[in-house]
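Shared chain: subunit A. Partners: subunit B in the first complex, subunit C in the second.
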Partner chain A sequence: MTATELALRTDGVGKRYRKGWALRDCTLALPAGGVIALVGPNGAGKTTLLRLVVGLLAPSTGTVQVLGHDVTASTPQTLSRIGFLAQDHPLYKRFTVAEMLRFGRACNLRFDQGLAERRLAKLGIPLDRRAGTLSGGQQAQVALALALAKRPDLLVLDEPVASLDPLARHEFLQVLMGAVAEGGVTVLFSSHVVHELERVCDHLVVLNHGRVTLTGDIDTLLAEHRLLVGPRTATDLDRAGTVVEAVHSDRHTTLLVRDGGIPAAPGWQARPVALEDLVLAYLRRPSEPSAAVTSGVAA
Partner chain B sequence: MTWLIWRQHRTEICVLGLLVGMFGIALVVLGTQAHDLFPGGPARCAGEAGVNETCAASFRRLDEEYGYVENLLAVFYLVPVVIGAFLGAPLLARELEDGTWQLAWTQAVPRMRWLAAKLAALAGVTATLTGMFTAVLTWFRQPFDVWEGRFQYDAFDLEGLVPVAYALFAFGVATAAGAILRRSLPAFGVAFGAFLAARMSVALLARPAYATPLTAMEPVAVGGSKGQAGHRPGSGNASWLIEHGYADATGRRLSWTEYYELEAVANRAGTNLNQFLHARGIQQFKVYHPADRFWTFQLIEAALFVAVAAVLIAVVLWRVRRRMI
Partner chain C sequence: MFIFRLDTHSGVPPYLQLVQQVRQAVLLGFLQPGDRLPLIREVVEDLAINPNTVAKAYRQLEQENLVTGRPGQGTFVNEQQSAVMSASTYTSLHRGLATWLRRAYAAGLDEQAVDALFTSVHQQTRNEDVA
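Up next, the complex of A and B:
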């Protein structure tokens, strides 16, 4: 794959705050098109990584390239290709919805006002209401409409549904996926909730303790990993360094392996692994500098 | 950007504009009446207080009828900090408080352009509002200035260039504090505290040293009673008196204790104090800045505050540029 087909490329990116490193050695190459989920527990460095991607922060080490351009240059051209929805979807609370749209028009090169108005009309959000008086779900929708009206090539969302109730969450994802289906936009969003990701996402990045522990195409990852269940054993089972996690119960040992599906040893049963279990297994692994496991983008 | 800046800051601008307008109109109304006491304008009475009967009468009436207003003007020492800090504190702090900096800086306007536009617009409003108010106040004080000079704290600090410089200083402190503290209200408080501290220390300590003061020496006059106008050495009372006292025939300055001893000796001898001092060659001295240094001093003080404001704004620009926010 050439660099221009990558939505995001980071090379050895680290970000250090006064209290320490929030992100270290982050090297990613994420393909354009589709939906990328950034998963990790609270404090894993997800927000830091996303802020680096949209150019709100500058990396302490390494480089960040979005759509083939260095984001720290922040030219209007680069900025207008990236849409960002920050955590808690901030809006100017005293602006009316119409004024929020005017803000978008005033501050962007290509702003599709009609598109935003149509989206909001469909959701029944009145343009003359002050943004601060809308419900949380409606504020998120206004912020999303604003970000989509930029017609970005990359849309970055930080925990977009974390603060929403289940109904608003569903509606929000529906609108987001509708926009993806219309085509053209790559979506990168962070979440600490793993379930439902399988349905929505194509690509996965797992972040833990400021490091990338797993990244790859979801279908490929699921095909590469499987669970092996066999009699309890304490011997070293890591034949070729493929064991991600071993769990022992009274009588059985369950191994999560990444072996690409070679035949199981006699007495062992192979089972596919669910995405949530896969992610959790990687999150449970102790953090070590060289723990990053990469499934090639082209894989 | 113009629309956005206006939309975001119109409340502050309108409130400040209203206050400046109200006080300005009050001053114009009162000032017109005070000016009417001087047929032909107050400037014609410059230095005539003790000479020209009409002028003396005008000044007397001015003091009786509008002296209280002059005392109230002290409130306006705070006008620059109110304007500057009110506009500067929320510039960055409000965006950081509400998280909207993430919205503002991910549109297609690069953050430095956004910041430059905001700083220019709001510093411009700060300077304009303060400048307009100062113009009215300077005009209002004309008759008082003719009488008392422009070097006293209640004139110098309210007139000319310095109020605008103070306001820009407050704007700079409030903006920088807002960028660092990320909260509007504490930023406003910091600007207020810094303003009071800087203003007081500069006015009391730095300002007298902007130039070497002049010293005037004059023998004690025989006939004059103590403290009579026109018998003070040096120029009139429009100059800024730093220090005054008595010196002996050789020019050595007497401490006040020594002077009171002389006074006691004169009293015991039952002689007229001035004759007694004159006979001993005692001189009166006065250390002062002449009135014509007003604009030089205004320029120096204004430059001082504007320079500090510029440094603070540079810090803000640097922080935003380095993406430390």
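Up next, the complex of A and C:
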């Protein structure tokens, strides 16, 4: 992979609304070909970042490049390579599925209607039904089929599975991962559900209070971090790499460290950390400028 | 056809879970030389899992010489150099462990205590082997 094969590159991107900064100093370099999760609590700036990526918003500071092209220029050619599925999968409720497809074909430079029809037939979603009468899971599938029919190089999804029941969520992810397996599409999606990220993503961006606090290849991040458990201690922690989080009970101490070896003191054990715990530890950290941790191929 | 499972609460990385399942199935003879593993695409659509994860698991299995990928055909289980565990070895290990577990429960340990003890001894033994 060459340096130009970045799906997304942002340099010092910030977005300021009237009430203040929603996003600050956002610098990312995300590789093409993978699945990238954007994680953070409500109000962290996830939707703002996604809207900047697809060109729906213009940044107050910095630049956004998708597949090597400046999004702020917003040429139809650049935008035709980006698919976007907004929160809650908006469809025209009174349109039938077939009318939605015709609408999609009319509005896009590239639109593979046959592909969308085959996908929907496989899922048993009838083309003559009005979108508003479909179940939530089926509406999500129609919206996804429309987005994939563009054959986008970058598909951006804002909280795609948040409103779906567990079965619909699984079916949605099956189709989405199947599209990735066919090749050619990089997926960037936001979520505040940390659980189950590991099975679908290979790259992670953690956003908190409008700032990127952690970004990297998930396998690399998990290999770099570990939990150290040992007798209670408050001093001499600097031997153990960067301490991300320290939790003390009466008798023992648990440290989440990055790049840290096991302390030489007796009674210490090192354990791998689960992705969910890693993300939560970074989300619990107080916000501080320029504290972003980067790792992975794009670092 | 071999079917993978995924336990999202185990803390074991998904790609490693896939590797371990094939290793175990080969060890126990559920997968025989010449058997075809599911295509990456099939695993992806079955488990709703990232294709890169499946590809990574298959790469590791190839590196371990457990399987061979043939372009356009699929991934096939190899003849194993180290003998598949014999049924008698398996039975004897199984029995030994069951005996040990009964003693542990009789001594008043509960499931979690057994897990903790096993993990601790396992780690210790591994560290001794490394040292």
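The working rule: the second predicted complex is superposed on the first by the 282 of 299 C-alpha atoms of A that agree within 3 Å, B and C clash if a C-alpha of one lies under 4 Å from a C-alpha of the other, contacts with A are read in each partner's own complex, and residues count from 1 in each chain.
We take it that a contact is a pair of C-beta atoms (placed from the backbone, for glycine too) under 8 Å apart; a residue touches a chain by one contact, two chains touch by 3 or more.
Source: prediction; values computed, not measured.
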*asked:* Let me test your reading of the model: by the given contact rule, A:Leu79 touches which partner, first (subunit B), second (subunit C), both or neither?
replied: first
*Based on the superposed arrangement, let me know which partner A:Tyr92 touches: subunit B (first), subunit C (second), both, or neither?*
first
*Examine A:Leu157 and indicate which partner it touches, taking first as subunit B and second as subunit C; both and neither are also allowed.*
neither
*With the two complexes superposed on chain A, say which partner A:Asp219 touches: subunit B (first), subunit C (second), both, or neither.*
second
*Would you check which partner chain A:Cys107 touches, where first means subunit B only, second means subunit C only, and both and neither mean what they say?*
first
_Most subunit A residues touched (candidates subunit B, subunit C)_ = B
*Partner chain in contact with A:Ile36 - subunit B first, subunit C second, else both or neither*: neither
*Complex contacts: residues of subunit C adjacent to subunit A*: 6, 8, 11, 13-15, 40-41, 44-53, 123
*Taking the complex as given, what residues does subunit A use to touch subunit C?*
33-35, 170-171, 173-174, 176-178, 180-182, 195-196, 198-202, 219, 222, 269, 272, 274
_Complex contact set, residues of subunit B against subunit A_ = 1, 3-4, 7-8, 98-111, 322-323
_subunit B contact footprint on subunit A (complex, rising order)_ = 51, 54-58, 72, 74-77, 79-80, 82-84, 86-88, 90-93, 95, 99, 102-104, 106-109, 143, 146, 150
